[in-house]
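Labels A, B, C and D are assigned to the chains in the order they are written; within every chain, residues are numbered from 1.
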Amino acid sequence: VLARTGALRFPVIAVNDCVTKREVDNVHGTGQSAIDGYLRATGMLLAGRVFVVAGFGQVGRGVAMKARGMGAQVIVTEVRPTTALRACMEGFRVTTMDRAAAEGDAFCTATGMRDVIVGRHLDRMKTGAFLANIGHFDSEIRLADLEARAVERRQARPSLEELKLRDGRRLYLLGKGRVVNLAAAEGNPSEVMDVTFAAQVLALVDLASGPRLPNEVVHLSREQDESVARLKIATMGIATDRWSDVQQRYSPGGRVANAATTGPS
Amino acid sequence: VLARTGALRFPVIAVNDCVTKREVDNVHGTGQSAIDGYLRATGMLLAGRVFVVAGFGQVGRGVAMKARGMGAQVIVTEVRPTTALRACMEGFRVTTMDRAAAEGDAFCTATGMRDVIVGRHLDRMKTGAFLANIGHFDSEIRLADLEARAVERRQARPSLEELKLRDGRRLYLLGKGRVVNLAAAEGNPSEVMDVTFAAQVLALVDLASGPRLPNEVVHLSREQDESVARLKIATMGIATDRWSDVQQRYSPGGRVANAATTGPS
Amino acid sequence: VLARTGALRFPVIAVNDCVTKREVDNVHGTGQSAIDGYLRATGMLLAGRVFVVAGFGQVGRGVAMKARGMGAQVIVTEVRPTTALRACMEGFRVTTMDRAAAEGDAFCTATGMRDVIVGRHLDRMKTGAFLANIGHFDSEIRLADLEARAVERRQARPSLEELKLRDGRRLYLLGKGRVVNLAAAEGNPSEVMDVTFAAQVLALVDLASGPRLPNEVVHLSREQDESVARLKIATMGIATDRWSDVQQRYSPGGRVANAATTGPS
Amino acid sequence: VLARTGALRFPVIAVNDCVTKREVDNVHGTGQSAIDGYLRATGMLLAGRVFVVAGFGQVGRGVAMKARGMGAQVIVTEVRPTTALRACMEGFRVTTMDRAAAEGDAFCTATGMRDVIVGRHLDRMKTGAFLANIGHFDSEIRLADLEARAVERRQARPSLEELKLRDGRRLYLLGKGRVVNLAAAEGNPSEVMDVTFAAQVLALVDLASGPRLPNEVVHLSREQDESVARLKIATMGIATDRWSDVQQRYSPGGRVANAATTGPS
């Protein structure tokens, strides 16, 4: 938006858009650490519980996959039809938060939007339900609505607050509604942050050494993205195929830089 | 490529790029029908077998997920580091075809490239291995190399040819190496083709009624893509959330057209 | 029952109880072939559809796992609390058929019981729902109730009958409600039948050559069961560990016959 | 063994054998808490890593399923052919520890046997590999062999010791090789312990109020097992079907006590 109106005073490199960041860090890193935060904060058994994930962007998809992988029944809520369709095709039950609210044993918002869980949802929840956020800010769950319903609060476990509501139900808030992997666990594993930092370093190298970039949002080049991935898989010991010259010429997209194939796997 | 050189004499609408086509038809439609083709052609039990998928693009990913879902151990081969990394993060074992060749009980190419399985791979395969292609053409498996090694051929089942090699091993070719969901099953389910056709119709409406498009590769608009998805999920009975006015204003990307929320799920 | 009352006039060897039969043939063989039957009969896309499995015994569990593996949302119905709990812990949604009837896009009975889907369930189903049985007899779906509601029937596809109901809805019956893997596909893969037949042969060898067995239900010995499994995994190229003498002596259960470890995997 | 030799001086109730304990506590409770221990001790990203589970009994199966569910590539090692076959059919790669040792990024023993990971395995491991035990005692990994190879030890994180080996590689030991869910996390969730304790209480009630039990290993009755499960699913809000009188009479096994069906799910 800023770029379009000419208000951007410096170049912005959208490191978050590269494959290595989107697919590794956002989906798998944050997906895992959200579950990690959930386990540390609550000690709950995920198997057999209804786990509601609001939002099926990269982070939400990661959380949903990992929660299912631990044996939970996952419900996804979404706004965008294409994303809802995608969640559905991956085997998740998709419905509205109004309906999911009454069924969930545990909730995790991952939308980047405010007011995803509000008073009318809280009013329908089962006693004992857990509420967490892995999205941007602590506004995804409207905390004021929760507080307005509470008659008693106590710290049940280090990152877990119990709120006794006027109607007698008890709801549990993880890490004050802040990003739960930081609030209740240790954030993302270093093994995914390395990928993100590598992309950021490459971006800075671009800024420092390349031609002056325009005051726009620019993307990390495909080559840089492949380059970070190539380093990462090499350290993981993963070998990939290489195209022969005949294959390179056959490719409509032109040459692809082959990855190193020295790994043992 | 054609567009860049100015050689394109008419507008091209890249329907294949829209989410509804990519995520629904390519991944799930073709993924399922490839498995369907495999079962009809071979009658093999997938559980416990090593299933090698060459290529982890949309189709390859779909095949890999479904084969795993049926109980197979899936190995993925890839060329691009970012794609290899993605496959690996989704829990697949990634290695070279040179190594996978000796381990696979069943192979399925899904690359869009020629010569993915060639003579030196055939030489390493176990007797009894199945060979199929779900990619673009029957050149993904180099059939000449297979034929050069065969001393005897017979039709073992309707879409399955047995080739006895000089060294006594037997390899099985599904549907002559042609796209296996068409060669051995019924192609993609009508339920996914509807989504693809809807996108194509919208593209044609654009061409017919909108302003004259440039002689370039243009994409279906996001609105059209969402529109197809909205119709699809409505027929599936899936309900999604809607943003309130406050939420719409909060969104950095501006307004999102809410999906209908009349479904019963 | 017969054994207890002394009415059994000959020894019965319960081959169905051995691990190789229960875990391989029943779960994976029949699980896969039920899905195969579904795909051939209907051509439906499983991804994103609600698939209801009645019964979570070995066969039902197999069907449920494979349907989920193909991307379906699976609902399980059960009678026994322990089995319901087990299904739930494995991530399946468990509810009653009365509730599942209104949500399912596809149904598959696997109970060994009659009248699992009856008129009141049919009355709640969505138009377009598919009905199949992988259980013992064609009485799991009460066909008389279906016929009583139908005003029109036609063969929609080779193993698929369309029934137009009085209220305008259409339901689809696979393979006349008979065991769907036989009615619409090719039964179980030969690769699992071999295991079952091997167990049966060993049982017959016992009868012929061993001491006279009592007129009771006897089980295949653990050694025979391990023996069949050992052969099976050897042909699959799977290597297992062996206990050293120190480990054998440490084992509370006494010696375990080590499996061959010559496989290449 | 003791029972057979008449050396047992009191009745033993094998609570561990009941379905609710085996399928809930052992598989899902311990499976989850082993992963929890792994994450807390190491902070590693499971996605994309090779995770080796020794033993595919109830606990090993639980760990293997959850590790796969978090995105790891899981290798299983086994001794018994039937169990190896079962692991294989569930899609796991099964091989010997000699081979797995060189491939694993993380190891978890779950066998109930000693000396599962010994010197010759340690010699083949990649630098950086993690070693943990969820089995009975800290003898599953032969610690003396590890210590004999170490030239330097330091506490890398609270429950993680780094051992620098003579050849320069570094291996990481979780929780001193003791049961990792207790050593590095909080043991099993209270939600599964309740099921186990309920079974134990019922067993004690039997001892106290029933007829004098023989000095043998006796099992919790099926009714008691179903009873515990019935209570558990009721608290989870899960509804099950009930057999009608007609169905009860049809059942070859006779009457089954119906579960309560009052749940909302």
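Please note the rule applied: a contact is a pair of C-beta atoms (placed from the backbone, for glycine too) under 8 Å apart; a residue touches a chain by one contact, two chains touch by 3 or more.
This is a predicted model, so every value here is computed, not measured.
**Student:** Name, by label, each chain that touches both members of the pair chain A and chain B.
**Tutor:** Touching chain A as well as chain B, we find C, D.
**Student:** Farthest from chain C by Cα centre, which chain is it? Let me know.
**Tutor:** A
**Student:** Identify the chain pair with more contacting C-beta pairs: A-D or A-C.
**Tutor:** By number of C-beta pairs in contact, A-D is the larger.
**Student:** If you average the CA atoms of chain A and of chain D, how far apart do the two points sit, in angstrom?
**Tutor:** 30
**Student:** With chain centres defined as C-alpha means, what is the inter-centre distance between chain A and chain C in Å?
**Tutor:** Computed from C-alpha means, the inter-chain centre distance equals 38 Å.
**Student:** What are the residue numbers in chain D that touch two or more other chains?
**Tutor:** 28, 47-48, 68, 71, 85, 88-89, 93, 236, 265
**Student:** Under the touch definition given earlier, write down the residues of chain D that touch chain A in their complex.
**Tutor:** The contact residues of chain D facing chain A are 28-29, 31-32, 35-36, 39-40, 43-49, 65-66, 68-71, 102-103, 126, 185-186, 189-192, 236-237, 264-265.
**Student:** Quick check on the complex: what are the chain A residues that touch chain B?
**Tutor:** Listed in rising order, the residues of chain A that touch chain B are 1, 19-20, 23-24, 27-28, 77-82, 84-86, 88-89, 93-97, 99, 113-115, 225-227, 229-230, 232-233, 236, 238-244, 246-247, 250-252, 254, 256, 258-259, 261, 263, 265.
**Student:** Show me the residue ranges of chain D that touch chain B in the complex, using the header's touch definition.
**Tutor:** On the chain D side, the touching residues are 47-48, 68, 71-73, 85, 88-93.
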